[in-house]
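Inspection log for the structure reproduced underneath, given as structure tokens.
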Amino acid sequence: MSILIDKDTRLLVQGITGREGLFHSNKMMNYGTKIVAGVTPMKGGDWVLNGKVPVFDTMKRAVKATGANCSVIFVPARFAVDAMLEAIDAEIPLIVCITEGVPIQGMMRVCNYMDHKTACLIGPNCPGLITPGECKVGIIPGDITEQGRVGVVSRSGTLTYEVLYALKQHGRGVSTCVGIGGDPINGTSFIDILGLFEGDPNTDRVVLIGEIGGTDEERAAEYISDHMTKPVIALIAGKTAPPGKRMGHAGAIIEGGSGLAADKIRVLKNAGVAIAEYPEQIPELID
Amino acid sequence: MKLHEYQSKRLFAKYGIPIPRGRVAATASEAKLIAEELGGRVVVKSQVLVGGRGKTGGVRLAHDAEEAEDLATQIMGMKIKGLPVRKVLIDEAANIRTEIYLGVANDRRARCPVMIASAEGGIEIEEVARTMPEKIIRLHLDPTQKLRRYQSFYIAQSIELPRDLWRDFYKIAYGLYEAYLNTDANLAEINPLVITDDGRLLALDGKMVLDDNALFLHAELEEMRDLDEEAPEERRARMYGLSYVKLDGNIGCMVNGAGLAMVTMDVIKLFGGEPANFLDIGGGAGAEKVSAALRIILSDPNVKAILINVFGGITRCDEVARGVLSALEEMESNIPMIARLVGTNEEGGRRLLAKSNMITAISLADAAQKAVAAVKKGDAE
Amino acid sequence: MSILIDKDTRLLVQGITGREGLFHSNKMMNYGTKIVAGVTPMKGGDWVLNGKVPVFDTMKRAVKATGANCSVIFVPARFAVDAMLEAIDAEIPLIVCITEGVPIQGMMRVCNYMDHKTACLIGPNCPGLITPGECKVGIIPGDITEQGRVGVVSRSGTLTYEVLYALKQHGRGVSTCVGIGGDPINGTSFIDILGLFEGDPNTDRVVLIGEIGGTDEERAAEYISDHMTKPVIALIAGKTAPPGKRMGHAGAIIEGGSGLAADKIRVLKNAGVAIAEYPEQIPELID
Amino acid sequence: MKLHEYQSKRLFAKYGIPIPRGRVAATASEAKLIAEELGGRVVVKSQVLVGGRGKTGGVRLAHDAEEAEDLATQIMGMKIKGLPVRKVLIDEAANIRTEIYLGVANDRRARCPVMIASAEGGIEIEEVARTMPEKIIRLHLDPTQKLRRYQSFYIAQSIELPRDLWRDFYKIAYGLYEAYLNTDANLAEINPLVITDDGRLLALDGKMVLDDNALFLHAELEEMRDLDEEAPEERRARMYGLSYVKLDGNIGCMVNGAGLAMVTMDVIKLFGGEPANFLDIGGGAGAEKVSAALRIILSDPNVKAILINVFGGITRCDEVARGVLSALEEMESNIPMIARLVGTNEEGGRRLLAKSNMITAISLADAAQKAVAAVKKGDAE
């Protein structure tokens, strides 16, 4: 019915006792997500969310006790690398890191470590995932999207909300929306998610939200033209961004001629992708 | 965070990389003193955080201490690409036989560091990449290992370095990689790495860019930040945790989220306008932050209209509205403002702004069109 | 006709200009092994072995120029870790490290690095491999064995020669003999080689030469009873070795009750393996 | 290479691990001086490279400096498991609430380091492994990464360490892993790591075993080798690059290759004999090395027969024969010798030995039987 998360997802929240962690855990639980455990070192033994969710000191203990199969990370940036490594070591199959501001070399070490393992990492610096009506992992507002057959994958946060909102305004629902995050080095890339959508019987078409910097969109274009049968619509942010300046996202810096929005749009068009100029155009292009 | 040449080279020296003797001066007389100490010919080098200083006359050769003082006076009166020169580095002059490029950078795609080298040193590597891509050697490195001798030999051979310099080259490449790893750098480059006419390797110029997100691991490096080198509004933005980039247009933008902020700029342009800035207030910004953001935009004299585009999630629209109102209380302004607030507490936000003289919009396209129209109207009046 | 090496093996020798490297390169070449390149840093451009084999400074260059598909390492112990890493980086599929005295933690880093890659490493501290009549990689004397249908795998050096010699005395030839080395941490283990012999149509039965220390023989026993159809004969050295003392091989130290010869012999017997008391018994047990 | 307790603890301290105040003494009066400096009760600990010193009276508590001097005198007169005590460590006495075990070792099977911990400290970990295996916690570590906080917390929790000590425990576990990595250790252990009755963690006793093959990377550690602690013949063997272990039997063995040497011992035993030693002359040994090896064997008064088993490969049989003859020239001996030489230059070797009074054998089994017979014959005479 969806990719990566669904109603059987057993979610663990790393940093559940923090302000952000607790706030969003409440929202996720209210949405219907099964939160089975939280982890905060030195807070093991506490219970949170009206006494419904136990807190553990370490991931290994939490996973053993609760059978969690997905973890979402809300810890401060300075602890995020540790949190990801701990989740990998605890053999969590799906790890979602919301935290923004993770050091790049720390992420290199995480990716290097992951190469030995089978975990799937979404993020960091991402809004997380939502499978409308079933499960939400992260911070995507639950009320701006509904169940449907459009898959959404994005490097952005609020721009994703904007697109989900525009889709909903036009009566379009979503199978799963995945925010892969805007950092220069992250876990899952566009092509991983495109492959999952291509194989998902409940996804008819895919919206890809990219931005300047890096070559993820170019690789996606290659993948789409080689492997995708489902139609793809793309929106690329940063057409007006001047080269060499960092536009908020650590990933959105244009390095030495590559990573330009115009180049990305050109190769995506060549791969048969419909390009939207702004969010409200997307529903029109789908119809 | 970019480091100055003299800061980068000081770090290099710490990692065993040979650099010219020299020191930084903040006044011309100090420059003279240093030149006297060094003796012989010296190079007077402006310390500003931009590339291409040489072409603009920011790097000059002095034959003696008097000339060094003169040149320092001249250079410290300059602005290079808009930045005033406040310091000069006085380095002993080297006799150069060959110029090489050697750098370590992040490879996003391979998700690991990459060492880059070229026999074509002394010019910007981007320029080499454009004109002579075959002259660039790339080698991916393991972020958990130190540089291995065979890796440096492979590079040395590929850039056709004379074999008698391979061992020294190894020490330099090893040190550069250590410097990159130990400072959490995004870039560490020596350009040019020269062979002197007496056959030694010497790091004549250097550049390091550190990862701002990793500075908490390196308190000693944070102290190297040169506050004078940031545009004052960018510094103010940074202090408030805002992400702000000044641009040349006249429609100020305030948006939550980097991607949405870029799209907002794109849509303004699409409808014939020119954004005056990129500004991301981040997630969950409170009234105070929003107020600071608006004041930064208002302080730009080019701004003829302001577009506020907020998609509430963690960010609450009523908080944004409160911030806007508080900024407008402090700084009165006749600049037309277009607000488009959607999402969390959207009703509350609209209600608050209804009291002010604000144009509202229902969609991003609508908002952008209204902002462009407002500028045109202003121009016509 | 054999496993791992045969007449199509294109061998590269790391440390070819050293005393040991040159001596054994000569022997290997005389045996008929195709030596296509040597690598010694700073000696690139030289030619050795009567001007027949070019020397390169780096592995990448050598592999590119000669298409070598196997590398044997004769460099001194202090350079061996580098040599192995360089061979892995140059994407050599079969790496054989003869060098003795490699630091253990260096080997841990090599193994950790290999986990990302597809290379197969034999050794260190091993005599190498021989496929009689076709190819020899390492230092096993060529004249003590002949072509046949017995596979030999061993953690030892001269003890292997002794066994090969005993087999030849009784008219038994060998398909391939693999010395995996006596160090506590090495590349390929018994079970990897047993699997290859099981799948090799030219191997009828297998001789396994083990020794005290570690648990490689125990894992081999498990593998044999689960996966092997061909008969296995084993000889385990060190029945009289006192615990806690190092018997030459860095791997042959008995640690805290495990690694004893008696335990190894027991589990091998239980797996249906015939146990020889001394080398000359092996041919008898085969018949 | 094993380090003494005091050497190990000195290294620990360098890596931030808290150890008791104390110093090593080579004389009883020095011990008294140190005890006076420390004040209060002290522990007098023999420094010998064997386990189980406590049980043999090699570790004693002194209530004052005079008692410390007495105990030091007694202990320095002792032999522990055959080793004379030449130094004592004088440590301030700790009041112990709990004893923990914490170590890092090589995991051969997983091919990486493993951290081992147990709430049952103060006894040998092998003992715990045998009697209470469920009390042992193992955690595999990445040799390219430093210890992570969560890893130490997992261990701390598993051994039920009070939570208020977790942060201090992290520092200790982190330091121990650094010490292990930076010295290329095979083993680094704190046993016991105690909680004192005022609630502090303290490394009361420690042990490190370094990788001999990695000492070339750590010249400063090689200097810690205690030559007095090796049996003189083992030291001599090491200097010649021979691998020698003395055993209790009476048939001396000289073999090339460790595996073959062990099998030679096994076959001697199989035919009713007892090997006097393990001796591997290594690959490609020259006459001088062989001669040294034979002299070491001959210096063992228990030896009643000698078996020389050489399978020539890199090793040349004629070289071996030459070495044997040269040793016999130096040290005349009536001990019967059985030589079995096969492989490279086997003919030459046999020809040389033909001149001497040597028994030859065609196979290993044959050689072993002849050696056993020679001993029996000697005993009978």
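Here the chain labels run A, B, C and D in written order, and each chain numbers its own residues starting at 1.
In this text, contacts are C-beta pairs under 8 Å (C-beta built on N, C-alpha and C of every residue); 3 or more make two chains touch, one makes a residue touch a chain.
This one's a predicted model, so the numbers in the text were calculated from it and none came from an experiment.
A count of contacting C-beta pairs for B-D and for B-C identifies B-C as the more extensively joined pair.
Among the remaining chains, B is positioned farthest from subunit C, on the basis of C-alpha centroids.
One inter-chain figure worth recording: subunit A and subunit C are separated by 47 Å, centre to centre, where each centre is the mean of the chain's CA atoms. A straight line joining the Cα centres of subunit B and subunit C is 54 Å long.
Centre-to-centre separation of subunit A and subunit B, using mean CA positions: 28 Å.
Shown for subunit A are the residues that touch two or more other chains, namely 109. Of all residues in subunit B, those that touch two or more other chains are 142, 144-145. If touching chains are joined by edges, the resulting network of the protein chains shown connects every chain directly with every other. The touching residues of subunit C, when paired with subunit D in their complex, are 23, 77-78, 100-109, 111-112, 127, 139-141, 144, 154-162, 165, 182, 184-185, 209, 211-215, 219, 235, 237-242, 245-252, 256-257, 261, 277-280. In the complex of the two chains, the subunit B residues touching subunit A come out as 106, 108-109, 111-113, 125-126, 129-130, 142-144, 181, 184, 186, 211, 213-214, 216-217, 243, 245, 247, 255-263, 265-270, 275, 278, 280, 283, 311-315, 342-344, 363-365, 368.
Subunit A meets subunit C in the complex at residues 115-116.
Subunit A contributes residues 41-42, 44, 57-61, 82-83, 85-86, 89, 109, 113 to its touches with subunit D in the complex. On the subunit B side of its complex with subunit C, the touching residues are 142, 145, 148-151, 153-154, 157, 163, 166.
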